[in-house]
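Next come two complexes, and both contain subunit A; in the first it sits with subunit B, in the second with subunit C.
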Partner chain A sequence: MTTQRHDFDPTPFLVEELPWAPRFSLRVRPENRAALAGALGLELPTAVGQRSTAGGVEVLCLGPDEWTILAPDAAPLAAGSGAAYAQIPHSLVEISDREITLRLSGAQALTALTTGCPRDIDAMPVGQGARTLFDSATVILWRDDRQDFRMDVWRSFLPHVRALLDQVMVELKSGL
Partner chain B sequence: MLLIHCPYCDATLPEAEFAYAGEAHISRPADPSALSDEEWRDYLFIRTNARGPHFERWRHIHGCGRFFNAVRDTVSDRFLMTYKAGEARPDLTVKEAAE
Partner chain C sequence: MSRYRIPGMGRVDPAAPVSFTFDGRSYQGLRGDTVASALLANGVHLMGRSFKYHRPRGVVTAGSEEPNALIGTSRGPGRFEPNTRATVQELRAGLTTESQNKWPSLKFDIGAVNDRAYMLFSAGFYYKTFMWPRSFWDKVYEPFIRAAAGLGKSPAEVDPDSYAHRNLHTDVLVVGGGAAGISAALTAAKSGARVVLVDENPEMGGSLLSDPSVRIDGRGSWAWLAEQLSQLRAAGVRLMTRTTAIGYYHQNFVGLVERVTDHLDQPPHGAPRERMWHVRAEQVVLAQGALEKPLVFDGNDRPGVMLAGAAQTYLNRYGVKVGDNAAVVTSHDSAWYAAFDLVDAGARVAAIADTRDSVRPDLVEAARKRGILVLTGHTATATEGRLRVKSVRVNPVRNGQVGAGRKIPCDALLICGGWTPSLHLFSHTKGSLTWDADSRTFLPDHKTEACQIAGAGRGLWGYGFVLEDGVKAGIAAAQALGRSADASDARVEGDRPGTGISQKELPTDRSPGKAKAFVDYQNDVTAKDIRLAVREGMRSIEHVKRYTTNGMATDQGKMSNINGLMIAADALGKEPPQVGLTTFRPPYTPTSFGAFAGYHKGATFEITRKTPIDPWAEAQGAVFEPVSLWRRAWYFPKAGEDMHAAVARECRATRASVGMFDASTLGKIEVAGPDAVEFMNRMYTNPWTKLQPGRCRYGLLLGEDGFIRDDGVIGRMSPDLFHVTTTTGGAARVLNMMEDYLQTEWPDLDVWLTSTTEQWATVAVNGPNARKVLEKLVEGLDLSDTNFPHMSVAECTVAGLPARLFRISFTGELGFEVNVPARHGLQLWKAIHEAGQQYDICPYGTETMHVLRAEKGYIIVGQDTDGTVTPQDAGLDWAIGKAKKDFVGKRSLSRPDIVAPNRKQLVGLLTEDGRKLEEGAQIVLDPSQSLPMTMAGHVTSSYDSVALGRPIAMAVVTGGLSRMGETVHIPMPDGTIRATITSTNFYDPAGERLKA
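== the complex of A and B ==
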C-alpha cells in the first residue's frame, strides 16, 4: 500500500484587518518634489517601491509623481500642504476610507499572496512596497518582513479578496 | 504570461499589471476644425497595422499608473524595447546593429 505524507499546518498564515488610520495620496511633479518634501517635513523617496519612515509617518513611492502617506496625525500634514500650496503646486488628498488594510503574516503568508498576485513577490525587498494586483483587485502591497505583509484593498473589493484568502487558507491547511 | 519592462518602475513585471493603449506616436491635430473629413478619419481610425515591430502605448495601470511606449513584434509577441512617454521614436536599425 502506498501512503502519502502530508505536512499539515494548522495555521499556515494569519489575516488581520488593521484598524482605520489616516491615509493620504500625494501627487507632485518631480521638479517640485524636493521643495514640497521640505515644506511638509517628509522624506519623499524617488524610486518607485521605496519607502521612508520618520516620526511615525510612513511614505511609499507608488509612481514617479505619486506617494501614499500613512500619518497618525493628519493635522500638521494638512496645514503644511495648505501653507505651501500657492508656491508649490501639488495635490494632497485624504483617502483614509478608500482602502482597508489587511495584514498577512505567518509561515506561508508569501505563498498565500502568490495565489493572487502575478508579481514575483519573493523578489520584493523587505521594507519596500508596490501597487500591484491581487486577482482582479488593485492593491498596495507593503513588505514589512520576509513573511509579514500589509495589503491595502479598495473596500468594495475586500469581500472578494477575503473570500479568496479563506479558500487559500483551507487549501494550505489541508496540505495542498 | 508576458513580462513587460516598465521604464518608470525600472522593473520587469507581469503583463497582468499593464493595459494596452493603442498605437504610439499619433498626435492629436492642433486644430481639428481645419481638417478635412478624410484627414480627421485618418487621425481617428487609420492605423499602421504592422506585421513585425509595432510602436505602441502601454499603461502600467496596476502599478505606477504611467503611460509609456513599447516596440513589440506583432508576429512573435516579443517586446523589443520600452521607453518613456514623450521620448522620440527609437531607430530600430541602430538597435539591431548593436545586437
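== the complex of A and C ==
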C-alpha cells in the first residue's frame, strides 16, 4: 500500500490565448446550404461537428442550419454574402469580438477539459468540433489533434474559464 | 507490537508504525490501518457516546456503514471534521482524533443520565413533550431541540482545502471491487469495452480481503486478487479506489466521490482533498455486495459487541483480534467462519449460540474440533459490562418458550443477524424490489436503467456463485453494448457458502418493555420504540420511521431498516412486503459540501462577467454592483465622497453638461433575414413595418400572459436587419424565448437570430454637450438634429473605429450610444473621455443611470415590474401596435382581469414632508383602518433627485392612474408618511431636452 506519490508533472498542459481573428456565424436553411456554399466558395459540412478547411478558411458545422466560419480575409466573404442574399436568404453575422480562443495542448489537455466539460471529449474524433459547456460557460471546442484543442469562449466568461484552468493546472501538477 | 496485533496477519505494514492521538492520548498503529483497527489493536473498544442516551459505544462494523464509531478528526488548522467514521479514516501520521457527545470525558459522561431516564425518551418523545404551552416554543423548546439536534461540532473555520471535479464517460461502470465486480469488469474489458471499476475502500477485493483462506484457481485468494488486478490494469480498466458511488441518477449518470488526500501524511501541493466524478456509463454493473445486520436483544450495543463479519475483517485484513475470549450469537452461517478464523489465529471463542435449531453438520463439527461450545436453538437475552462487554446471557428456546439463561463470560461478542443486499444505488433509480420469502430479504427486481446486478447484491452467497455471477453480468453488459464476451469460470476451494434467517428482536425471558434492544444504533431506536409506534397508530413503515427516527441518521438505516421492518411487520401482524421498505436516497454515505462545490469557491464561486471598460473603472476606484452575472460600475466616488455625494455630482454633471456610461452589458441580438420585420411584429408589441432603416424605436416584449418581460431600443439597420437590445439580465432569456417561438411556432419564417451582446462594447454619452463631444470623434456622419434626429441609428466611424451609433436617451437628455467591436471598447471609452474633458465629461455608474431614468419615469423591467405588470399598468399603451393583427401576449391583454380598473398601476409618488421613501414599502389608502391593513401597492423605485431638489418615487398602486393628486399613506416603523400620486414623468415632461 503506497502512501505518497511522486509523479509531479511540471507541465500537464499548455494554455495559450490565440490572437484575434475574423469569425462569423452563418445561418441558412439546409435546403439552401449547397447553393450558398457554391456562392460563397465555401465547403459547408452537413453533419454537426464536422469541419472543413479550404483556402485558409475553416468551417465548423454547429447545427443543421448553423456554421462557424474562421476566415483570415473577411472582405470576400462579406461581399459574397451580400451578392447572394437576394437569391439565397441567409444570415452572416460577424462575431470576431464575441469570443476569444484558447488553445489547450499537452499530455493532460483532455483531462483538463473534462474538469468542466460534460461531453465525451475522448470520443470526439480529431478534426471535429462541437458547441458544449466548460463549467457554466458556453464554448465551442475544436479538436485539432489527440492532445491539441481550441476552445472559443465568450469574452466576458474568459477570466472565469482561465481561473478554473489555473486551478486545474495546480491540481494536475500535484500528480494526484 | 500492540497487544491485540497478531504478527504475520493482515495487510498492514508491520515495518511502518504510524502515531496518532485519540482524546489526547497517543497511540501507535500501522500503515494500512483505519483509526478503528488501530484503536482495536490497542485494546480500545470504547469510541463514542450514543446520540440520545449517551450510552458508551464501540465500533460495530469495519466499513462505511458504521453507526457508532463517529469521531472528530483534525488534519491541522481549519481542517477539523466531525462525524468521521473511524472505520473509514485511514491512519496518517499526526492525525488527531476525538470522541463525540461526551462531557466531561468519554468514560464518565454526565449526559448518560438520559440513559436512566430512558422511559421519558420513547418514540414520539418530541411530538409529545414539546406541545404546550405554545409560548414556550420560541424561548424554550426550539433552542432545546436545536441544541440537542445533530452529533459532533460543526467546523467553525473556512475550509482551506481544495476540491476537484471531473466528467467521465465509459462503456461500463462497475460499482464494487469485490469478487463479483472484479470478474464483471474483467469480462467486460476483454470484450474491448471501456471499463471503470470503483470501490470505496483503499484497495480492491471486497470480502476477499477478509477471506484469505479461500483458494481460487489453485491460488490463495489474495494471490488470485493481485493477479486479477494486474489483468484489469493490462486490459486498460480504470481502477478507482477510495471512491464512493454516492448516487445513481437518470440515464446511467452516477456520481462518484474520490477521497484523494485524507490518507496521506503530507499531501503534495495543490492536490485536492476530494474529487467529484460525474460518470455517464452505457452500462452499469452494481456489485456492491451485502451488509451484515446485527441481532436485536437487550444490551446489544455495549462496546465489544460487534458484527461477526467485522471481527473477521479486523483479524484478516488488519491482523487485529477484537478480543482474547469471544462469544458468538448468530442466525447465519457466516459468523461460524469468523469464529473459526479467530480460533485459528490463536484467540479463544467460548461459544457459538445460533438462533436456528439446526445448523449444517460440517459447521458444528468444525466448531467442536476447535473447542467451541455450540448452542443451537438459543437466544441472547442480556449482556453485562459498563465500558466493555463482560458477558452475554444466552437461553435455549424450545417451542417458543425461553428457558433458563446461562452467562457466558467474554471480552468480545460477535453478532450476526444475516446479510442485507446493498440495494441503495438500485433504489436511487426507482428500480422495484421483490420480497424473497426464503431468505426473508428484499432483492432487486424490475430495472429502470441499463444496469446489471451481480453477486451478494442480489442475494447470492459463496465465492463460487458470486464469481460466476460477475462473469454473467460482464457478458450481459458487453452484449448490451453490441460486443461479445467470453465466459470463464473460476475453481473455488475452501469456499464459504452460507444461509441464514432474518429475525425480529430476539425472544427473551425478561420484560421486553425494559429491554434496551437497539435496532438503530446511531439514532438510539429500540425494538420497543418501534412496537410503541405501531401501538400508537403508525401503520406505514414511512410513519414508523419518522415517528421513531429509525433509519434517519447519517447511515440511512443501512443496518437498521430490515430489522425495524421485521419488528414493525410482526407488531402489525403483516408480512414485511405489505408494510414496505423506506426509500433510499442519495448520497450513499455522508458526503462533504466541498465535494459538491468542487471548484466553485472563492474567486471561482460564480462567474463574474466584466466589460472591456471594467479595468478603467476599477483603476478609477469605481464601486461595483452585481447585475445578473455582470459586475457593473455603480458609482465613481472622488476622494472624500460617499455614495450620496458621488451620485448627486454625477447626476448634476450629466444634466448640466455631459456624462458617459458603460452600457456594454445590454443584451444585443442581430435579427436578420427576409422575414425579420414580420418576426419583430410578432414578437414585440410595437409596429415595425413602417420603421425606416436608419431609425430606431423602443420595443416592448410581453409573455403569452400579457405581462411585460423585457424592453429595449431596437434599430433597423437595413430592411432585413434589426439590431435588438435587451435588458442586461434578460439577454439570454429573450434570445431563448425568440428561438423558442421561431423553432416551434413559426419555422416557416426566414429569419435568424445571433447573440451579439459580447461582439459590441457600448458607451452611452448623455447631456446637453453630448453632440459637441461626439462631433470631435465621428467621421462619415452629420450629427445635427436635422440629419440625425432623436431615435436614429447609423454606421459610421467613431474615434477611428467602425461603429454603430444610436441617438437614443435613457436620461431625458440629448443622448447617443456608440457601439464598437468589443476589443476596441476601452480605446473608445478613453477617446470619448479625452474628447469630453473640455466639457468636464463625467463618467457615471448604474446608480446615476437609475436616478436619471426615474426622473423621466422610464421603467426598469424587474424593478418597476415584477412579472405581473401589463403595458397598460406601466402606462405604456402607446408602445402597442393597435392595428397589428397579433403579437405575443396580445390576446391576454383583453382578458377581463387584465382590463379591470383596479389593477396595480405604475405612478409617481411625492412625499409631503420631503422624506425619501423606502423601496418595497407598502402603501395603504386609509392609515386608520384596523390591522391587518389592506395594502394598495408598494414603492418600486425611490431616489433623491438633484434635478428636482427633492426625493421622487415610483410605485404600483391599485387603480393608480385614476388617482392622480390623491394622497396615499406609507406606514413605516417610525410613523406613517403621506405622499401624493403624480405622473412618473417628473423632469422635463414635454421632452424638450431630448430634441436639442
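We take it that the second predicted complex is superposed on the first by the 173 of 176 C-alpha atoms of A that agree within 3 Å, B and C clash if a C-alpha of one lies under 4 Å from a C-alpha of the other, contacts with A are read in each partner's own complex, and residues count from 1 in each chain.
One rule holds for everything that comes next: a residue touches a chain if its C-beta (ideal position, glycine included) is under 8 Å from a C-beta of that chain, and two chains touch if they have at least 3 such contacts.
The shown structure was predicted, so the numbers you read here are calculated from the model rather than taken from an experiment.
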{"item": "Touching partner for A:Pro118 - first (subunit B), second (subunit C), both, neither", "value": "both"}
{"item": "Touching partner for A:Arg131 - first (subunit B), second (subunit C), both, neither", "value": "first"}
{"item": "Partner chain in contact with A:Arg98 - subunit B first, subunit C second, else both or neither", "value": "second"}
{"item": "Which partner reaches more residues of subunit A (counting touched residues only), subunit B or subunit C", "value": "C"}
{"item": "First, second, both or neither for A:Gln87, with subunit B first and subunit C second", "value": "neither"}
{"item": "First (subunit B), second (subunit C), both or neither touched by A:Val48", "value": "first"}
{"item": "First (subunit B), second (subunit C), both or neither touched by A:Thr11", "value": "neither"}
{"item": "Touching both subunit C and subunit B, counted on subunit A across the two superposed complexes", "value": "118-119"}
{"item": "Subunit A to subunit C touching residues, read off their complex", "value": "1, 3-6, 8, 20, 25, 27, 29, 65, 85, 89-91, 93-99, 111, 114-120, 122-123, 135-137, 154-157, 159-160, 163-164, 167-168, 170-171, 173-176"}
{"item": "For the subunit A and subunit B complex, residues of the former touching the latter", "value": "47-49, 62-64, 66, 118-119, 130-133, 138"}
{"item": "Subunit A-facing residues of subunit B, complex", "value": "1, 8-11, 13-17, 61-66"}
{"item": "Residues of subunit C defined as touching subunit A within the complex", "value": "11, 13, 31-32, 92, 162, 164-169, 202-203, 260-261, 263-272, 278, 280, 599, 603-604, 607-612, 630, 670, 672-674, 720, 750-752, 754-760, 821-823"}
